[in-house]
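Chain naming follows the written order as A, B, C and D, and within any one chain the residues start at number 1.
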Amino acid sequence: MARPLTYSQALNEALALALERDPAVYLMGLGVPDPKGIFGTTLGLAQRFGAARVFDMPCSENAMTGVAIGSALAGLRPVMTHQRIDFALLAVEQIVNQAAKWHYMFGGRMRVPLVIRMLIGRGWGQGPQHAQCLHAWFAHVPGLKVVLPATPSDAKGLLLASVADNNPIVFLEHRWLHNVSGDVPEGYYTVPLGRARVARPGKDVTLVATSYMTLEALRAAELLAPLAIEAEVIDLRTISPLDTATIVQSVRRTGRLVVADLGTRSFGIGGEIVARVAETDPTLLKSPPARVSPPDLPTPTSPVLANLYYPRAIHLVAAVRRQLGLPTDPADLTPAPTARLDVPDPSFAGPF
Amino acid sequence: MNLTMSESEPALLLRLYRELVRLRVVEERIAELYPEQDMRCPVHLSIGQEAVPVGVCAHLGPADYALSGHRSHGHYLAKGGDLRAMLAEIYGRATGCSRGKGGSMHLVDLEAGFLGATPIVGSTIPIAVGAALGAAMRGEPRLSVAFFGEGATEEGVFHESLNFATLKRLPVLFVCENNLYSVYSPLEVRQPPGRSVRDLAAGHGLATASGDGNDVLAVYRLAGEAIARIRRGEGPALLEFATYRWREHCGPNYDNQLGYRTEAEFRQWQARCPLSRARAALEAAGVSAAELEAAELAPRAEVDAAVAYAKASPYPNAADLASDLYAAAAPAPNPELPPHSWPAP
Amino acid sequence: MARPLTYSQALNEALALALERDPAVYLMGLGVPDPKGIFGTTLGLAQRFGAARVFDMPCSENAMTGVAIGSALAGLRPVMTHQRIDFALLAVEQIVNQAAKWHYMFGGRMRVPLVIRMLIGRGWGQGPQHAQCLHAWFAHVPGLKVVLPATPSDAKGLLLASVADNNPIVFLEHRWLHNVSGDVPEGYYTVPLGRARVARPGKDVTLVATSYMTLEALRAAELLAPLAIEAEVIDLRTISPLDTATIVQSVRRTGRLVVADLGTRSFGIGGEIVARVAETDPTLLKSPPARVSPPDLPTPTSPVLANLYYPRAIHLVAAVRRQLGLPTDPADLTPAPTARLDVPDPSFAGPF
Amino acid sequence: MNLTMSESEPALLLRLYRELVRLRVVEERIAELYPEQDMRCPVHLSIGQEAVPVGVCAHLGPADYALSGHRSHGHYLAKGGDLRAMLAEIYGRATGCSRGKGGSMHLVDLEAGFLGATPIVGSTIPIAVGAALGAAMRGEPRLSVAFFGEGATEEGVFHESLNFATLKRLPVLFVCENNLYSVYSPLEVRQPPGRSVRDLAAGHGLATASGDGNDVLAVYRLAGEAIARIRRGEGPALLEFATYRWREHCGPNYDNQLGYRTEAEFRQWQARCPLSRARAALEAAGVSAAELEAAELAPRAEVDAAVAYAKASPYPNAADLASDLYAAAAPAPNPELPPHSWPAP
């Protein structure tokens, strides 16, 4: 039976199920057992499963990733958490040189079942060092899988699939999703890695999104509907493996492609998606494809600048309109300086 | 626990006390205004920890460098940073010290020698070492100070930085404020029992000392000795100070109700308030109540004016978004640069 | 006057000129003053400019990058070297969170003139942890510039431009280029960052390459010439900033695009280049564009596997032929197991 | 400098000597064959440093874990790794321990408990700690050993690893072979004068000792004490051994002519050859020349056979290129896993 849960409750439930089913699973990360429980996702788990299986760690992201890898080699299934992806940059050597490659470089003899949860920060002045979205980096590394759930039920099912997988997984949670609610099935289930989801069918344009941008894409589709433009929204769910077939099939029908991304534009995932379509057949595209993403800039802190930095549904709408020869007045895209766009909803007050 | 003072010290202590009060008043004002939701960035207040920045920075001039991390308001102000530019920055204004791009976690004031604060734990420690290297290579008699918490000593970069600074005998002072917690995580879950940052650092071969971080005169004395040593060219030093954060890790509130630390522990540390202790010592040394009250009132006008300035300041505009991605072309090489006086190791 | 120099001699000359012109320049890195002198590029410089300006460092890539940044803030112009890009993964936090962002996030008040030279290893069993090409990562980071010279004269001019630039520069040298010779002008000159070079003009297909792949692309153009196919070879020289105009102008004329890249395929620079063309106008492309690059795998060590892993001129030729409807027998693309393709030339014996 | 031996030790020393000789013979054969250009990967020989792997691994069983870095042949072999699979790996063959994907810098032998070697300086140290954590959490009485050079102690991850291992009292032994150089860089350009790895480590609060790394019995004794302590559950330990690499950093040749170290230094260390010293002690203890010669000849046949095996082995084929990128789906959770016996800290 499905019931409404928030994204963070769904993750909490997934972690509890994973811990319950397999004694090899353990959780570790800065603040994992603390009273805030990683935005609620780990609340109660230390109490229920014990401090030996749910524990905090020193501020040593690099070594602790190595520790997680070593424990995986020794038969455990670690789930590690970083409260911001930016902090995990200290651990890139272990993630990329080690975790991603041990299976291949030891001829299949070693395996590293390791889930690294990383939060993608946003809003309320997270600024240049607490709000990066570097999923494109990890997708570029052979041997990693990269998961970006958009809904509570996918969050649960993809996390359980990630824990069950025998490979290192980069599992990215957008901070603006934790409080979003949706129906979540009870009990244990997995959502397969590598398969996109058609979040809304449509025939006029394909909007490809991941994670939080799926919500903006769905909003854009609603804004387009009254103009008699039926947008198909594809939620990629995982970007590595990337479900090219679902994207191409959609563009074959719609002839138009807009990619909505969280990361900065150049050398991000948008380029890969556009390229895969163009490589299949550039004549599928009735008009130049578009990428909607933050500009190639660090994230500014001032809310006024952040408002200008992040694209929203209306930017997707404008991109679609442009493809259809319906221009948009740029002024319509510029938020009022006083607009409170740095929080997902008014209940979200304060820095996190 | 009591401050001890020689005859000549009341004037010094009064000077330090004024600065302690100033830091406290600024941050209490931030805490008061934060719920208005106009400071839309994380703030990490150092209320309770003021004695360390004040005691250390009293020995520094604007030519000296300082760097800090997420909890940097005190270091910025004690180092001489511009209060108005700091508040404007927290308010996200174009007049902010980082023109609104950085917020509370990215303060800078070049004129004051405050080279920058950034909130990745430990990451400005090597940058402070590099600034010392730069000064040394250019033959400038500057000193560089890295401020950080005990959590930062768990990052490998801390050790790498100490090793290099010691290897090259660089003019850098490492200042660790050990406030027992990293966010809600107590020392027990992060460091072996009995660990002292000072002993840990000593393995690298630099000079070390530790002291009471809530006793501004104790901080002042230890820092004075360490800095004199560094200025004499005897290489880097590390100071560890025991202190305590009063408010929540991030934000304006108290958070003992969360249960990650006991009310008793909190009270014990509040009883060791660096301001109250300095005040008591000043009273005991005969400084008049009127003089003390004047010291306590003095910063209020400055802070009122700075808040008004910040709030009245313009926001950045759309053109500012994309500015400053890249620095402009280099000026021609500067022939007036002082010759390299730094001896090869 | 130009004279023939090797790529590493050209770099050595550039470093000497930089040290000579500006007392703020200094060099640091593991082995910089050692008897091998970073494949010859730093030979003699410690002797000439003194140990205070040309020095070795501890095995502490992360802190030493911070040290370089701090010294840059204090008025110096460091040139740092990593003998393999793989080692620099330990320093990614400093490069990406710090160096790349200090100018922007401090509102233009700070600047970090820092050149980070990184060697892209290849050949003779460098394998999974000594042969990665992660230039796409750095190009995805706003605030960095990413330079990949292909010729000795560009190596010198681009290195001097990089040292003169006031921003953090990732300067990537492919190990197979160090011994390549070419005419190099004497004295001080700079090659501007952000401008591609047409290495060979042609009208039938555009081959876009960087660094060592430029040599393979030129070889491919020669192999195509007898078939009366005139390939235009574009050497990007820098990928950030990326000279889109030169690429698009060429594809406008040729109608065909093949990107030759050093890094693994997915989410690499090839996708970005294809996307920029498609975004400009998908109808420019007379046939599906192609990316020629190593597959999405870690680099294997066995020479037999490495032979299969790295694409060569013949793979570019095959991609062009396919676009023109002239298929290639796959067997022609498979090297003999005993082929010695893991060295650039027979004089290159041994691990480096 | 002379080995001292109690009455009962000749048998032990003879056993250790056999292993020292074996390592030496294997690597000298590699050096001899390398110029044929059929081993097409970097090799970092440990000739001169054999006493450390031999003395330490004599206390380990196949259930214990070991990890190493770029200079791992000795650790792999002493830990019981399969010689044929190692040579086949260096020859890039499908029968190699990593099926040709790894080469000399990526050795592994699960049956022998050699979990892996990788050549990023310092990076397997935390992995060894993690393996110890895994063993502890699963209640298995295994011990984990991290082998590394003194260069690796300059990487921050070394310190982070020591801190965590000590915090959790994990069953891990850190073994540092201090051979004075990192590639061509002497200690003076990397570490402050007088630095000892042992003292540096001690700041973390774990047990430490240092000794003569060219005296196999000294290594054996120190390792024995440390390992007994760890097996008693008293937490991690670190051993630092002074030793010296004879050949070039990477490759089969001698390289003193480069001038980064003196011929005199080299000769002094060669005079302290771990094999010669063990042999002299055995002679002094009355072991016959015939027995010693037999010990010295014994490995030759094994090595000949292993080389022949490696050279005759097939290369990987085109299908192998893309295999093993991802590990197959997990088996169902294993209900037979031992219950968690690791106490919460």
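Methods note: a contact is a pair of C-beta atoms (placed from the backbone, for glycine too) under 8 Å apart; a residue touches a chain by one contact, two chains touch by 3 or more.
Here the structure is a predicted model, which is why all the values come from computation and not from measurement.
Just to note, of B-C and A-B, the chains joined by more C-beta pairs in contact are B-C. Centroid distances from subunit C, each centroid being the mean of CA atoms, peak for B.
Inter-chain spacing, taken between the CA centroids of subunit B and subunit D, is 45 Å.
Centre-to-centre separation of subunit A and subunit C, using mean CA positions: 31 Å. Per-chain Cα centroids separate subunit B from subunit C by 41 Å. With centres defined as mean CA coordinates, subunit B is found 36 Å away from subunit A. For subunit D, the set of residues touching two or more other chains reads 96, 98, 100-102, 106, 118, 120, 154-157, 160, 163, 167, 189-191, 325, 345. Shown for subunit C are the residues in touch with two or more other chains, namely 55, 57-58, 60, 62-63, 86, 90, 93, 97, 104-105, 127-129, 142-143, 296-298, 300-301.
Within the complex, the subunit B residues that touch subunit A are 37, 40-43, 92-93, 96, 98, 100-106, 118-122, 151-152, 154-157, 182-185, 189-191, 250-251, 258-260, 315-318, 320-322, 325. The residues of subunit C lying in touch with subunit B in their complex are 21-24, 26, 50-53, 55, 57-58, 60, 62-76, 93-94, 97-98, 102-113, 142-143, 145, 164-167. Partner subunit D is touched in their complex by these residues of subunit B: 154-160, 163, 166-167, 188-195, 199-205, 345. Within the complex formed with subunit C, the residues of subunit B that make contact are 65, 67, 96-102, 106, 108, 110, 115-116, 118, 120, 123-135, 137-138, 142, 144, 156-157, 160-161, 163-164, 167, 323-330, 333-334, 337, 339-340, 342-345.
Across the interface of their complex, subunit D is touched by residues 30-31, 34-36, 55-63, 86-87, 90, 124-130, 295-298, 300-305, 308-309, 334, 337, 342, 349-352 of subunit C.
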